[in-house]
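Two complexes follow with chain A in common, the first pairing it with chain B and the second with chain C.
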Partner chain A sequence: MRHVAHLGIGPVGFRIGSDWRGPIAQLETLYRDYPKPSIPDFSVHLFAARPWRKYLRPSVMIGGDYTIPDAAPLPLAQGLLAAEMGMNLQMALAQRRYLLLHASAVERDGKAVLMTGISGAGKSTLAALLMARGWRLMGDEFVLIDPATGLAHGFPRLISLKNQAIAVAQAAMPEGRFGPLLPGTPKGDIRHLVPDARAIRAMAEPAQPALLLFPRFGFDAAERPVPPSEAFVRLTQSSTNYVHLAERGFDALTRLVQSVPARAIDYPDTDSGIALVEALA
Partner chain B sequence: MTSYRAAGPETLRIIPLDALTLVYHRASGITHVVDAPVPEMLEALGRDDLSVDQLLARLSERYDLLDADPAALAIRLDELVEAGLVERL
Partner chain C sequence: MTPGWRLAAVLRDPGRTEHFSARQWTELFAVARAEQMAGTLAHRLDGLDLHPTVQRLVDDAIASAGQVRLAALWEAEMARRALAPLGVPVVLLKGTAFAAAGLSPSLGRNIGDLDILVPRERMDEVEAALLAAGWEWVKPDPYDDAYYRRWMHELPPLIHRERDRMIDVHHTILPLTARIRPDAGALLADSEPLENGLRTLSRTDLLVHAVAHLLADGDLAGGMRNLWDFHCLVQDGGTMGLAERARHHGLGREMARAGRLSHALYGTEVPFEWQALKPLDHLYLRRLTARDGWGRQGRRLTRLGFYVRSHWLRMPPLMLARHLWTKYRKGYRPVG
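Take a look at the complex of A and B:
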């Protein structure tokens, strides 16, 4: 690979190699304040499907230690998204040390609020807006639970804002550092937001999980407790490596749902969503 | 006569949560989320070899069974044998 970036996010190190300079330059700019570990845990490769596709209608294939067969390439203009997807893919398929939950998380006073839900539930938006209100952002995509301690480790990669969430976050954080607008991706318009200095500075500090939230966007405001068994089932569904971790995963997840209260919240707009989270936390 | 016993305690992790109970089966790595009467059946069986009727009698001693039906219990037992949580002898 001609172009290479090293990048540490939370407890995980990546080496990202690319046939093109563009995606690496964007990563270097947006992740400029992140550590650069020399020994990576995972490798991501962005490469041309055929040699001529490096130049002619260039499109980016995502590879690395683990790959998904028949994954569709992205246009080079979305190379940054390809790099982010590549990192997520390695985590989802290869992470073995921590129980990986598909969730966003914020922390205040050492206590972490974990928010999980389907795509469109508002995980990233809520996490970004809570960051703007002084919470420490731990991540908008993955939370890592250490089976040995039960603590949550952050993974504060770039916050991936989609469609309407882009304008909402820009209004809340006019001074925020945003990546380029990526229109027409498979998930619509995407724009990345760089986590604030505090999130980056504290990214190696784990936190005690204190609240599990299952948000849903676009419904009348409502809130209900989620019993541990339902939380358990929903979190196994949001974990890509629960089965691989075997009994360590079972122990980590039973401990989490037995020790941390869980709530399902519905919210019609982001203001009421934020208010609900802050009232419960 | 067919008799049954629960899988060895070293192969099962049983964690009651609320109305539901988690059973982690070490041999397969599969997590079962089970409702009553499964945890009660596993506990009543233990490592004793019991026939369906003997198990039903033991459950009736411990719980107020509303529908003490040996045929239904036998079906439940066969499901648990299939899952590896109960051994058929």
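Take a look at the complex of A and C:
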């Protein structure tokens, strides 16, 4: 690979290679304050499907230590997104040290609030806005639960803001560092937000899970407790490696839902969403 | 030394890693993962004085392989329960067999599908019992299904609807269209019982199967792993009676070639006549080690050559032409 970047996110190191300079330059700019572990946990590479596709209508294939067959290529303009997807893919397919929850998380006073839900529930948006209000961002995509300690480890990669959330986050964080606007991706418009200095500085510090939230955007404000049984089932669905971890995964998840209160919250707009989270935490 | 060769060298002598650079470590794991050998590599490295990051990769890979092994043995037990009422001898093959019999290739080895061997005349009963126990067809294409049933050495693959695990039911170890026809009756007759009632191939037939799989079938994809199986089995039990048994199955040449390749790549202790490479062996070694530092397959032309060879071995020319034309029209392209 001609162009290579190393970066560490939370407890995980990546090596990213690319046939093109562009995506690596963007990663190096946006991740400039992140550590650069010399021996990574996973490798990702972005490559042209055919040699001439490097130049002619360039399209980016995502490769790596672990891949799924038939993944669709992205246009070179979305190379940054391809790199992020490649890193997520390694985590989803092969992370076995931690129980992986598809969730965002923020921390205050050593206590972590975990937010999980379907795409569009507002995980990333809520996490970004809570960061703007002084919470430590632990991540907007994955939370890593250590089966040995029950502690949550952060994975604060770039925050992936989609569609309307982009303007909301820009209004809340006029000083924030944003990546290029990526219009027309498979998930609509995407713009990445760099986690603040505190999130990056503290990214190796785990936190005690204190609250599990299942947010839903676009409904009248409401809140109800979620019993451990329901939380368990919902979290098995939002974990990419629960089945592979087998008994360790079951023990970690049982411990989490039995020791941490869970709430489902509906919110009509981000202001009331933030108010609900802060009232519960 | 290329990254593919370096993996072989480390498997052979893990102490070689003592002065490895960060880049060499990174490439080593990338190649091992691409070859599905991360667990094997990890077991070889464990116990050395390793950099903490490397030790973490090693620990993760060992734990992961342990879980894979447990799930594979459980899957074998599920098949045993489904087939026990039939009273059919069920011989475990490949990875699951190594794990069940406690053989050294199983250490850290990745195990994918469950492969079993049963007598050909009992295939219909076995198929019915598996379907009744929750396995389902995978191949929706009627051409593929018909092809398997008429010409292959196994049923079309079945997948269990709850556990999402694949089973391959074999009645011999090479396709019926291949020029070589191993003695399936002898494989079954000389198989050995395990404690739970399942069976494994005899010591020599384990090696015969490994060689058939590696050199008489397929295009050598995953060949480093398959040759490592061969290496470990020879280390476990030696080569006594091996050449003779291979000849009985029509695989004498392949056995000798596997011996030479394994000796060259892994330093396997083999009889004197298998220690010197023949000219064509270099092409095989080139194909086996075709990985760059990102685990990508290089050497397209060599690989294409072995892809064509795999079909040449598998079926007569006219049939091959018809088969490739049908697959091409369905959109299949070799060597992507």
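FYI, the second predicted complex is superposed on the first by the 281 of 281 C-alpha atoms of A that agree within 3 Å, B and C clash if a C-alpha of one lies under 4 Å from a C-alpha of the other, contacts with A are read in each partner's own complex, and residues count from 1 in each chain.
Criterion: a residue touches a chain if its C-beta (ideal position, glycine included) is under 8 Å from a C-beta of that chain, and two chains touch if they have at least 3 such contacts.
Small disclaimer: the values here were computed from a predicted structure and weren't measured.
Contacts of A:A246 after superposition on the shared chain: both chain B and chain C are touched. When both complexes are overlaid on chain A, the residue A:R201 reaches neither chain B nor chain C. In the superposition on chain A, A:D41 makes contact with chain C only, while chain B stays out of contact range.
Within the superposed three-chain model, A:T254 lies in touch with chain B and out of touch with chain C [touch as defined at top]. By the touch criterion defined above, A:R133 reaches neither chain B nor chain C. Of the two partner chains, neither chain B nor chain C is touched by A:R224.
Set against each other, chain B and chain C differ in how many residues of chain A they touch, and the higher count belongs to C. Residue contacts after overlaying the shared chain place A:T236 against chain B, while chain C stays out of touching range.
Taken together, the two complexes place residues 246 of chain A in contact with chain B and also with chain C.
Residues of chain A touching chain C in their complex: 1, 13, 15, 17, 37-41, 43, 45, 47, 63, 65-66, 96-97, 244-246.
Every residue of chain C that touches chain A in the complex is listed here, in rising order: 22, 25-26, 29-30, 33-34, 51, 53-54, 56-57, 60, 63-64, 67, 70-71, 294-296. Against chain A, in their complex, chain B makes its touches with residues 13, 15, 17-20, 22, 24, 26, 29, 31, 33. By the touch criterion given at the top, residues 227-229, 232-233, 236, 243, 246-247, 250, 254, 257-258 of chain A touch chain B in their complex.
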